[in-house]
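There are two complexes below, and they share subunit A, which is joined by subunit B in the first and by subunit C in the second.
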Partner chain A sequence: MSVLTQTRQDALNLFEKLGLPTQRDEDWKYTDASRLKDLLEPTPVDENIHIKDMGITGLDAYRMVFINGLFAEAESNLPEGVSILSLAELEKNSVGDDAEGIAKLFTVDTQAPLINGFNAYNAAKASDGAVIILADHAILTKPLYILHISNQSNVIRHSFMIGQHAQAEIIEHFISTGDNKALSNSCSFVALKAEAHLEHSRIQQEGDKQSHVARVQVKQCKKSSYTFHGVELGAALSRTDLVVNLHGEGASCDLNGLFVLGGRQHADHHTRIDHKAPHCTSRELYRTVLDGRSHGVFNGKVLVHEGAIKTDSNMSNGNILLSKNAEIDTKPELEIYNDDVKCAHGATIGQLDDKQLFYLRSRGISAEAAQELLTFAFADEVLVAMRNQTVRSYVEKAAFAKLPHSDDLEEMLGS
Partner chain B sequence: MATNEEIQQDLEKREYDAGFITDIESDTLPPGLNEDTIRHISAKKDEPQWLLDWRLEAYRHWLTMEEPTWAAVDYTPTDYQSISYYSAPKSSDDGPDSLDEVDPKLLETYEKLGIPLREQEFLAGVKNIAVDAVFDSVSVATTFKGKLQDAGVIFCPISEAVHEYPELVKQYLGTVVPQGDNFFAALNSAVFTDGSFVYIPKGVRCPMELSTYFRINALNTGQFERTLIIADEGSHVSYLEGCTAPMRDENQLHAAVVELVILDDAEIKYATVQNWYPGDENGVGGIYNFVTKRAECRGVRSKVSWTQVETGSAITWKYPSCVLIGDNSVGKFFSVAVTTNCQQADTGTKMIHLGKNTKSTIISKGISAGRAQQSYRGLVRMGKGAENARNFTQCDSLLLGDKCGAHTFPYVEVKNATATLEHEATTSKIGEDQLFYCQQRGLSEEDAVNMIVNGFCKDVFDELPMEFAVEANRLMEVSLEGSVG
Partner chain C sequence: MLEVKDLHVSVDGKKILKGLNLTINAGEVHAIMGPNGAGKSTLSNVIAGRDGYEITSGSITYKNDDLLEMSPEERAWAGVFLAFQYPVEIPGVNNTYLLKAGVNAKRKHQGLEELDAFDFMQTVKEKAKLVELDPSFLSRSVNEGFSGGEKKRNEIFQMAVLEPSLALLDETDSGLDIDALRIVAGGVNKLRSPDKAIVMITHYQRLLDYIEPDFVHVLADGVIQKTGDKSLAVELEKHGYDWVKENK
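What follows is the complex of A and B.
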């Protein structure tokens, strides 16, 4: 048995051992994963997916398209001279020395935080994914846009390796078109070498029958910087584990999250930042706006290890419930084993600022429109950090469409 | 930085200044726990059948439970069969009528702790404090009973209340913390030996602050105190609880239960200074403090506040909670916790908002030094019916030394769109700029550190009743003593 087959077999064994998480697990207290059990394996559907005009149109970017978890080369547009490959392709051609390296891409690190059955299943069954290796000092001139379209369950596994001083922007976008219940299981592994920089967006906009389970695992070397934008707009149930390991001195990460949910949607983000080296900085900003009977869960944990002196960490989590049946559960945790730190977190739940409402109303804006405007502004605050304006305005539009709004406001914002 | 290191060293070496053992023969039950032990305790106290049945029910439930492991503390599990569950000072058999009949050695103990009962009686008119001193498990002296009786206030050991006010005890016991609530509460329900019982009748404002000093004395005796306070409509009471324990090398278990019932327009202020023996520099010995404290605001506009200063115990597991059932009820939690050497504390609060317009405030200050680990673990839950509920939470930690830890685990669950909540937490060491600022104005490093620590705790100390604030300040001074001299 080859190393690769063995690794994937190990992952399968691990999955069988772990099973799916239950609400008895502290990390899954508020999210019921049991209903996803039957959705792990894809049930093929005949329907074809037409990808024309899907995704963020008008974005000047390199493109990779994955249909039901498989790379669609014809729809893609890859840069020259940069190593961007399909995992499936790589696996097919793995021989000799390569095999071991490729096997590593399928290894599950059981010691890593927040590991669960879905991650093991992903390593065992992933059909494809993007493997991006950016050489030292390389700069990706245009963003890489990875579009995922599905109408059935799929398992995808990406690896992004950014070399020293290299820079890139990657946008992952998830859309589903199916009418049947299905599950997307996605893992993205990010490795940033010294002084590398990555801006990574994940826009989850799947249909209301689809569920989404994701893991983003980041390891950062010296002075590297990582910016994350997680946007949760779609899916019936969605869960993301974002695990950042600040491994090298002076590394910094900036994590932004926005949930705009309605109906019976459920979204859960568990973030975990490990400060392992001195002089690292972490920033986290999460905002949720919940309507209907939706349920939002945010768990942000910062762990400062012994020896990680001069740690600077700040987490902010704001939540607004628009309906009496919505629910938010939030838990901003700090675990600190060191005295030379500056850590803070804050969480708020509640209404809009009366003063701001008054200000708008005194200028002749209706109470309704003022409320909507402030809610939109509240959500938009997270998107300010998004540097790509095309992506930002796409997300703003999509989020705006989900928020309750009157014609007045639409006119006001010109959308 | 030199100052921090010095303080750290001082904190590590800080001696437990209340560590001495009073030599009094104890009427102690052999170690072990079974239904017979419970029958024996119950018989010793001449309890009615219903209470024995209640205890046995709790015990049977306890047998089915497992000791919780979710807290961020690490300790050798207790062997519940090696503990003696009953110990009473022998000299109390006759029941002293006045302080003069109390064993002089006992009085000496209190004097060493700075609570001279005689003096207190003498100073009654000035300080107005009634002390229901609990020595091990049996109350030996209760002062000011007369004055309280005039006001209609019942303040007596719970074992006495069982006989004298059975209908009140029966009506309220176990209604806030049920027998099977958690592992330690179930154990307490089965074997509790004594504690305080307070009933404030309708419309009465308790004429003095009530106070109970608990001490653990006989070797190998777990303390299982049970406190029940009922504030009837429109009443008001302030209750103080202080604890110190003698020095010894064996871990001792302390599993207390405190139940507060607050009816319409009533208010209870409950303050604790906890200074059980924390173990030595290497973490040998010390008290395991596993306490269940809960208040139920059952009436409209009822109020409760928990104020605690926690400096002792090897392991602390304590979450004074407020269940805000009545509309417009208010719950408050103020806490200062100091852990040094190898102490571990997992403490915090729960605010359960059920009624409309309910408000809660949480202020928690943690100071961690040496190799100590400290966690704030809190829950704020706004139920569906908690219209316009409001919460403000602030938990700050101060770290002294690079081997200690401070952790925050705040759970927030909100199911009502009109609820408002703010939570903020910070963790840091003493700022070099703050130190510099003070020193620049002529303060020595030590004074500067003391001043900063005092300022850090001020929000909580301000909430303590005057009499208690003195004790709290003394405790803090002791904790930081080395840094000033």
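What follows is the complex of A and C.
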């Protein structure tokens, strides 16, 4: 058996050992994954997807399209001189020593936090993915836009390796067509060398019968910086494990999350930041706006290891429930094993601020529009950190469309 | 323009205003002074329509309408404006955008067309100049990160854009430096006109040197204890509030 086949087989064995998480697992207490059991298997590409005009329009970016988990080269547009490859291609063409390196891309690090059966399954069954290797000092001149379109279950596995002093922006966008019940199982592995910088967005906008399970695992070397924007708008059920390892001195991460949910949608983010080296900074801002019978789950854990002196960590989670049937479970967790740190964290659950509402109304804005405006502003504040204005305004519009809004407000924001 | 009659207001069962009477005519400028906790902000909040105040008896008539029946936004559309003692910060809501929404909501209510975006921006810039508000404040979130004095200046800027008939300025002078006070007062003076009225709540006679009032009222123990002209403020400064109570 080749080393690659063996690695895949190991992952499958691990999956069989782990099984899917159950609600008896502390980390899956609020999210019922059992109903995803029959949706795991990836289904090959469906040629019937018309992808013209899909995704974020007007975005000046390199483009990689994946249809049901397979790279659609014809729809893509890649930069020259930068190593952006298809994982499936790599796997197919691998021989000898190469194979060993490629096998690493399928290895499951069982020691990493929040590893679960979906992750093992992903390594065993991934159909394809983007493998991006940015050389030292390279700068990706345009953002790379990775558009995932699906109408079937799919398993996708990306690796982003950003060299020393290199810089990139990567936007992952997930949409679906039709109304199949299907599962997207996605993993993105990010490795940032010294002083590398990556701005990474994940915009999940799949159909309301879809489910989405994701893992984003980041390892940061010295003085690297990582900015994450996770936006959950779609899917019936979505779960993301975001795991950041601040491994090198002076590394910093900035994690932003926004859920705008309605109906019976369920979204769960578990984030874990490990401060392992001195002088690292982490900042986390998560907000949810929940309507209908939707359910949000946020668990943010920061672990400051011994020796990680001068750690500066700030986490804040805010939630607005627009309906009395909406529900949020939030738990910021902080574990500190040294004294020389500055850490703050907190969560709020609430309705809108009376003083702000009155202020707006006293300036002539109707009660209804004032409420909607404050709700929108609350959500929008997470997006302020998004530097790409085209992406930001796309997300704003999509979020706005999901929020209750009167003609008044639409008129106001539109003009 | 405004007629407050025998107004009784409680908060959480505590009586704050106890039969207050006040008449304000178009073209007039009134100053209300009085000790801390007397109920001055309560009065202005009740006029602007803030929740949480229990009006146990009395009435407020504004331009022949029952003000107490109107929502805060209806009052704004009818020309009532309150410059807050403590303006709230509203992250994520753009200052100019708020004003545009406010102006257009009012116009819509009056059956007028929305203002053209360009014309609106011209007005905004002109008014910002009037109160010497740095244009960078226009694109910032409402009051977010503004200094105390900047917030007050922003209130007067909003007033200038919204062009109310009845402006209530709740301690707008507190927290302003000497130059800012002169500038803001200048802005207020430019808005004086025969069809508008201004009510200034203040602790300092100094403001009245800049904006000359027609009447000065002393509010204490939930009622207007004394009404006079500008000289009353000078007397107050000399003798304090106990003097008022003794010389009713």
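The rule is simple: the second predicted complex is superposed on the first by the 408 of 415 C-alpha atoms of A that agree within 3 Å, B and C clash if a C-alpha of one lies under 4 Å from a C-alpha of the other, contacts with A are read in each partner's own complex, and residues count from 1 in each chain.
What we mean here is this: a contact is a pair of C-beta atoms (placed from the backbone, for glycine too) under 8 Å apart; a residue touches a chain by one contact, two chains touch by 3 or more.
Treat the numbers as computed from the prediction; the structure is a model and nothing was measured.
In this superposed model built on subunit A, subunit B and subunit C occupy separate space and fit side by side.
By the touch criterion defined above, A:Glu26 reaches subunit B but does not reach subunit C.
A count of residues in subunit A touched by subunit B and by subunit C gives the higher number to B.
By the touch criterion defined above, A:Asn319 lies against subunit B but remains apart from subunit C after alignment on the C-alpha atoms of chain A. Of the two partner chains placed by superposition, only subunit B is touched by A:Glu306; subunit C is not. In the superposition on chain A, contact of A:Asp53 is made with neither subunit B nor subunit C. By the document's definition of touching, of the two partners only subunit C reaches A:Ala377; subunit B does not. If you stand at the C-alpha centre of subunit A, subunit B and subunit C are 70 degrees apart, rounded to the nearest 10. In the superposition on chain A, contact is made by A:Thr330 with subunit B only, not with subunit C. Using the contact criterion defined above for the overlaid structures, shared-chain residue A:His345 touches subunit B, although it does not reach subunit C. Once both structures are fitted on chain A, no C-alpha atom of subunit B lies closer than 15 Å to one of subunit C. Common to the subunit B and subunit C contact sets on subunit A is no residue at all.
Put simply, subunit B touches subunit A in their complex at residues 4, 70, 382, 384, 397, 399-429.
Only residues 353-356, 358-367, 369-370, 373-374, 376-378, 380-381, 384, 408, 411-412, 415 of subunit A touch subunit C when the two sit together in their complex. Contacts from subunit C toward subunit A in the complex involve residues 48-52, 71-73, 75-77, 81-82, 84, 87-88, 90-93, 97-106, 114, 117, 141-142, 158, 162. Every residue of subunit A that touches subunit B in the complex is listed here, in rising order: 26, 306-307, 309, 319, 321-324, 326-351.
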